[in-house]
Amino acid sequence: MEVGFLGLGIMGKAMSMNLLKNGFKVTVWNRTLSKCNELVEFGASIGETPAQVVKKCRLTIAMLSDPAAALSVVFDKDGVLEQIDSGKGYIDMSTVDPETSSKISQAITSKGGAFLEAPVSGSKQPAETGQLVILAAGDKGLYEESIPAFDVLGKKSFFLGQVGNGAKMKLVVNMIMGSMMNAFSEGLVLSERSGLNPHDLLDILDLGGIANPMFRGKGPAMLKSNHSPAFPLKHQQKDMRLALALGDENAVSMPVAAAANESFKKARSMGLGDLDFSAVHEILKMTKD
Amino acid sequence: MEVGFLGLGIMGKAMSMNLLKNGFKVTVWNRTLSKCNELVEFGASIGETPAQVVKKCRLTIAMLSDPAAALSVVFDKDGVLEQIDSGKGYIDMSTVDPETSSKISQAITSKGGAFLEAPVSGSKQPAETGQLVILAAGDKGLYEESIPAFDVLGKKSFFLGQVGNGAKMKLVVNMIMGSMMNAFSEGLVLSERSGLNPHDLLDILDLGGIANPMFRGKGPAMLKSNHSPAFPLKHQQKDMRLALALGDENAVSMPVAAAANESFKKARSMGLGDLDFSAVHEILKMTKD
Amino acid sequence: MEVGFLGLGIMGKAMSMNLLKNGFKVTVWNRTLSKCNELVEFGASIGETPAQVVKKCRLTIAMLSDPAAALSVVFDKDGVLEQIDSGKGYIDMSTVDPETSSKISQAITSKGGAFLEAPVSGSKQPAETGQLVILAAGDKGLYEESIPAFDVLGKKSFFLGQVGNGAKMKLVVNMIMGSMMNAFSEGLVLSERSGLNPHDLLDILDLGGIANPMFRGKGPAMLKSNHSPAFPLKHQQKDMRLALALGDENAVSMPVAAAANESFKKARSMGLGDLDFSAVHEILKMTKD
Amino acid sequence: MEVGFLGLGIMGKAMSMNLLKNGFKVTVWNRTLSKCNELVEFGASIGETPAQVVKKCRLTIAMLSDPAAALSVVFDKDGVLEQIDSGKGYIDMSTVDPETSSKISQAITSKGGAFLEAPVSGSKQPAETGQLVILAAGDKGLYEESIPAFDVLGKKSFFLGQVGNGAKMKLVVNMIMGSMMNAFSEGLVLSERSGLNPHDLLDILDLGGIANPMFRGKGPAMLKSNHSPAFPLKHQQKDMRLALALGDENAVSMPVAAAANESFKKARSMGLGDLDFSAVHEILKMTKD
């Protein structure tokens, strides 16, 4: 099976490498073309522009850093739109807001192309090990055609209905995650200030009904004020904001998420936006001492 | 090893049975003595009063329903205090507030007895399978002497320092759990109202970094508005209140826990206090329709 | 002094009437032209279209119901843009979001016209009695030229700087007001449920340091569950949302406003959006009984 | 009319002076007796102990700094209890929690005395000018007998029913006040960070429907970070906590008060507890810069 792949950042590189290693023929493109070299060593071809990749491949996957980049590869000169047509499919796995996704979808489908948004849950390591969770929405036929690739990239893929639902589902998951991080941080601070050993708390949590990989993975580092960014706080806060906006549209009251969002905003105002979202812990434990 | 056991409710019965099955000699007492019969069939002896149990046993464990009961077996006529002395240890595994625990501790130690508070994390099923997590605090020597019994009753025990720390640790854990339940419920409601399938959300959560037994275990029932009580909402809310009070004492600001507590209070005001604490979901999804 | 006036709803009619009664020559327009008749009786002229009004008058004031209407009178056929030029000023007193205001401003100024946004604080009665508070921003010269009209329409006008600042200031005021309404409602419910007489509370509040016209004016009606809409809850909630969004842009954490907003959203979800924003009281006092 | 007066702090001194100036015969006592001298110059007699004051006077008023002091003058040696009897009334105007008030009430009435709790709204200046608001509860007959004194001390007195209701009413008022202070501070911060002039905001607020003495009185000082304590933040936070606890007892959900309380707690943790409660503003405006 032949696929195009646009975007070779941390995620995109790992993902296209997985495709190569599993027997896919892959044509790659990246804004800085030199980043393609490593993949060429493993058998990838290079497309000079997004348009060339689409021209060559029946299916093209994109994994870009933000909505601006996702729009740019589609709409700019030599972009996807110039070559997409009724025989081709375009799968955007970037994490973008529903509005961006919807713009891209309309442009692709108005040219006859099939479109699938497919944001993922999981970051660098799951990308490398093919353990992403894929939240696909849009063209059902394209989803089914993409399953062999999704099986390589992820441990599980979901088809969630109309375009926008992938982005929405990701917001819901991240909102829960953000509230949990606050709940966890509050508990760590409370334990410490009450004369308990927060390392005991970590051990006890990990043996009980709310044990989860995030507490296990981030807890010890948080106690050392180590917040090296796996998922930057400012992005987490943006997702909280977008999830709350989605709730506003649908008149859903979410007081815990709203409170969590305000703590993340406080963290941003204290200059912690580029650290991991666990840095909200610093805000919660702040005292005069 | 011989132990006394006071209180044969759901938890106490399962725990004393485990002790019996693992070769302990157990003398049991319960306010309604007939509840002892089943345990007698498995080899237990009966004590007519708490005092008689303590007289007979070097170590006595109590597992009672609430602070009032925990105080009563110690301080009432024919209570623990009448027989406790410097050769004996008393281990209260009930979940009580720090103040109650402290009263009992002072009374026991003023008679020369050794005291350990040892509330547990886990409910009926872990009690039956010996998979509780035991949060012990108080007399370190008594803790060490109790390890054989704790090894039977639980999968892990912790010694947390001075009396009160067991109760406090439990409050911290339950506070995090209560906030998480709210975060989870808000996410379920948001998914449903945004046109997503909340069952997909459950599946996706269970594949990611915040997957945990509580979401997995309670999620499907919550979507059917089934909240049969494993841990009643009014008890969860009481623990949130006590945790927030502990935070107040120590000037710890916990906005997410505070917001979660208010939603639990709303649930209480709507008559849901006797359902499982997952019933906060009903408050969050309430609309005019 | 001659002015044009676009929009004769409740507010616009009262305002243009005040101008007439104070010796201004006024040319009015309204989408439903028949609404102009009453003003004609008091000496107003009629303009057939917004463009005709602007053609005739050096200064034109608009008071429209929402952003869509505010955009429509400017940009549609026969709209303000067709006649605005460097000798004319356009003063939009409608309550619109900063983005709408900015669009109108750019269009007017690109044609050489002067633009002032001037949303007001106060509703029907202050409009009738010329007691509005006017929050002007944009062209300083136009502001100064408009002072004679503002002196008739309001008890005080402010010049707040660049376009957008009028809308922003109004959001800040309404945010404080919305949080206060929640604080007040929570207090009323607490008094009632604690066995106090909430009418005593109203009297006591009115004698103290937080006495204010809103508590005095709305309190007695709220206790009778009378929420006839002076400012509909859905509009108040929208302003909370926009104020929180403004805070998000500037990394301002506002946990009380966020909590208030969630209660307003709950009220919307319970079908109370068209009632007065005091109807959030119904949500807070809701019990199973 | 002859009255006893216990406690000559800032409030008590101003109040007993007012009684003297209005023709009451007053016997005063203070822990540091030298504080009585100034009042003696204006005609007061001195009682050597609380008991002596009560022995001499049919009615005794107390105005003490905190619950500990309020309990001490009643229960300690030479305290009120030693001389109270069925012909005498005791009026405690200190601000205490309902539990303290209830203890004092039971002690007084068990000796046959009549008891009235009568906390006040208003601080130093209203005490000096006789403009307090008096929240009385307990013995109705004693209330009626005290009206001449209350008319001198306050601009208005209320009889609120059973003992405890005065304290509860004061908590409700202070809770609303605390939430309002947060709403106000959030608005000030939002205005400043959004490029508005917060002094304009103060002026605009003061012209509208939520204008109130607290905003007017404290706003300008807050903008200069001047928080000299009229009502210390730690006391305001304590009242928020007690009001929330009252709500908890009665299953009243109060999300805005809960959020405000967490911000006050944060302020305490940052060492601002002894400043005026307006110092919560410092927390809200805190940034890295």
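Chains here go by letter, A, B, C and D, matching the order in which they are written, and residues are numbered from 1 within each.
We adopt the following convention: contacts are C-beta pairs under 8 Å (C-beta built on N, C-alpha and C of every residue); 3 or more make two chains touch, one makes a residue touch a chain.
The shown structure was predicted, so the numbers you read here are calculated from the model rather than taken from an experiment.
Visitor: Compared with chain B, which chain's mean CA position is the farthest off?
Guide: C
Visitor: Using mean C-alpha positions as chain centres, tell me how far chain B is from chain D in Å, no decimals.
Guide: That pair's centroid distance is 41 Å.
Visitor: Which integer distance in Å separates the CA centroid of chain A from that of chain D?
Guide: 54
Visitor: Two-or-more-chain contact residues of chain A, please, as numbers and ranges.
Guide: 247, 251-255, 258-259, 262-263, 266, 269, 287
Visitor: Graph of touching chains, which shape: line, ring, star, complete, other?
Guide: complete
Visitor: Can you list the chain B residues touching chain A in their complex?
Guide: It is residues 121-122, 133, 135, 155-156, 158, 160-162, 165, 168-169, 172-173, 175-177, 179-180, 182-184, 186-187, 189-191, 193-197, 200-201, 203-205, 207-214, 217, 243, 246-247, 249-260, 262-263, 284, 287 of chain B that touch chain A.
Visitor: Sort out for me which residues of chain B touch chain C in the complex.
Guide: 255, 259, 266, 269-271, 286-288
Visitor: How about chain C: which of its residues touch chain A in the complex?
Guide: 241, 245, 247-248, 251-255, 258-259, 261-263, 265-266, 268-269, 273
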